[in-house]
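Structures for review follow.
Each of the two complexes below includes subunit A, the first together with subunit B, the second together with subunit C.
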Partner chain A sequence: MIVLTKDTMQILREQDVVPFRNRVRELAVKIGMSLVNQTKLITAASELVRNMLRYANGGKVILEIISKSAQSGVRLTFVDEGPGIADVKQAMQDGFSTGRSLGLGLPGTKRLVNEFDIKSAPGQGTTVMIIHWKNGR
Partner chain B sequence: MERIPILKLGPFLLVTIQIDLYDRVALNLENDLITMVSKTGAKGVLIDISAVNIVDSFMGRILGNIASMSRIMDAETVVVGMQPAVAITLVELGLTLQGVHTALDVEKGMELLKTKIDIQYGSLDEDEEEGPDDRTD
Partner chain C sequence: MDLTSQLLQKHKKRILEIWMQNQLADVMLRDDLMTNDELRRQSEELLEALARAVTSGNLDNIYSSDYEQITEILSDISITRARQGFSPRETGMFVLSLKQAINAVYEQELSDKPAELYREISTINKLLDNLSIITFETYIKGREEVILRQTDEINEISTPVIRVWEGILALPIIGTLDSARTQIVMENLLQEIVNTGSSIAILDISGVPAVDSLVAQHLIKTVSATRLMGAECIISGIRAEIAQTIVHLGIDLSNIKTKASLAHALQLAFSMRNVEVRKINRTPMSGLGR
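So, the complex of A and B:
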């Protein structure tokens, strides 16, 4: 896997979300992603960034364009230093939430993107990585 | 603080969302709309989201909340103009907007609202007799 571009955005307030979503859209457009796939990626990113703000008071996102076997994609890595998730498996279930949300965030996000990886432990923050390929497969 | 304008059109309230919402603005809209329903006695709320590129679980929840709150305040809500990519994404995310009426565009939404109100109150053109017997013919 080759990383073609890489930059980082700090997400500390709600107002940072819209510029962040626009930046994700720019990257998706740059590699020629279709509108449906763009929308899926941005929605997924929006869910994750909201989690980061709600549970960890913000964090940073690494935005990359990557290439693997002649296919390009967008990789987003959400890193926070919040309280972490005690039971990741449980958090990945539909309808589970410790906040007052619908509990669709993590499992829903996973359904929207091609690759999804989460690492978290209590007291050690949470890192979520998603990849969406240009053609959505 | 940014606010979304709410227009009064006869017995209806019309809201056109033309910017990407962040959470605070969406919550304000929820509040403002319910206040307006109560103040104007509106019978229907029409929300045009044709310019909205992203509806994530938070925004979806706000739309659902507006519909349930309006119903309690005796008004129907119709969401119109959803982009196809947004619809695809919402369903994959797991959000089906239950209880929210939808229509393809503002015109069809208006018609839908009118029929809904007709069913409840008889034709609006007649003097507003709101008796239960009204609906027999």
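So, the complex of A and C:
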């Protein structure tokens, strides 16, 4: 896998969400992603960034355009130093939420993107990595 | 009276002349925004206040009462300049060019006493640097006030409730639905339902760029609140890509009436109210015949 461009954005306030989403859209458009896949990626990014703001008071996102066997895609890595997730398996279930939301953020995001990886432990923050390929496969 | 304030008092006139020369010689001089007389008046006022402030002997703490007057003058100047359309550089240069003028006079006066010259210049530099920070702070504050006012205005105008037909309200939502916007949308909608006695509300989300679970949750809440008031809610403007995203996210909107376009939603609303819209064939006799 080759990293073509790399960029980092700090997310500290709710006002940072819209510029961040626009940045993700720019990357998706740059590699020629279709509208449906753009929307899926942006929605997934929006979910994760809201989680970061809500549970960890913000963090940073690494935005990359990657290429693997003649296929390009966008990789987003969300890093926060919040309280972490005690039971990742439980958090990945539909309808589970500690914050009175719909509980669809993490499992829904996983369904929206091609690759999804989460690492978290109590007190050590959370890192979520997602990849969405140009053709959505 | 220490040396700093002595020098400043004694050479006030000369400093002002050099300062004015510097300002007028600057290529960036904005004589289109401010007359030279006005500039001279401002400069003189500031220098007077500075000379008065340093007589207190306090040269470090610009937040003490000795500097109250000078910070007030500076804030005034920078806020007016921000509104008049001066650039940050032009506003900042106002105080920074005073520093150059004072330094030039000190250099002449204390040319034979390098140790004192150094001490005096560094004291006055520190003081003026602090004052120019105030200029920047207030300049940015002036700009931010403009932005905040605009944000409020956008929030106000971006949530109109339109009465499209007897008993039918439409609410086009444009932009991101965050908690604050949802609150305004819901309040406006519920109030308008009461005011007009409407029984159907159409929420059009064509202008919402992304529907994530938080936005969906806000929509569901708005629909529930509308139902509690005895009105029915239709969500329209669900684009193809949004529909797919909602399904993948796993959001259940099945017990909410949804339509792809506002036109379809309006049609549904008409049929719910037993209203029919038909084409009529005009006979040549009925007026508009050509």
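One rule holds in what follows: the second predicted complex is superposed on the first by the 137 of 137 C-alpha atoms of A that agree within 3 Å, B and C clash if a C-alpha of one lies under 4 Å from a C-alpha of the other, contacts with A are read in each partner's own complex, and residues count from 1 in each chain.
One rule holds in what follows: contacts are C-beta pairs under 8 Å (C-beta built on N, C-alpha and C of every residue); 3 or more make two chains touch, one makes a residue touch a chain.
The structure presented is a predicted model; accordingly, all values stated were derived computationally and were not measured.
For the composite obtained by superposing both complexes on subunit A, the positions of subunit B and subunit C are in clash.
Of the two partner chains placed by superposition, A:93 touches none, neither subunit B nor subunit C. In the superposition on chain A, A:71 contacts neither subunit B nor subunit C.
Legend: residue contacts after superposition of the two complexes on their common chain; A:135 is shown touching neither subunit B nor subunit C. Of the two partner chains, neither subunit B nor subunit C is touched by A:8. The interface of subunit A with subunit B overlaps its interface with subunit C at residues 14, 17-18, 21, 35-36, 38-40, 42-43, 46-47, 50, 94, 101-102, 104-105, 107-109, 111-112.
Contact residues on subunit A toward subunit B in their complex (touch as defined above): 14-15, 17-18, 21-22, 25, 35-36, 38-40, 42-43, 46-47, 50, 94, 101-102, 104-105, 107-109, 111-112. Taken together, the subunit B residues at the contact with subunit A in this complex read 20, 22-24, 53-58, 60-61, 83-86, 88-89, 92-95.
By the touch criterion stated above, subunit A contacts subunit C in their complex at residues 14, 17-18, 21, 35-36, 38-40, 42-43, 46-47, 50, 94, 101-102, 104-105, 107-109, 111-112. Of all residues in subunit C, those touching subunit A in their complex are 176, 178, 209-214, 216-217, 240-242, 244-245, 248-251.
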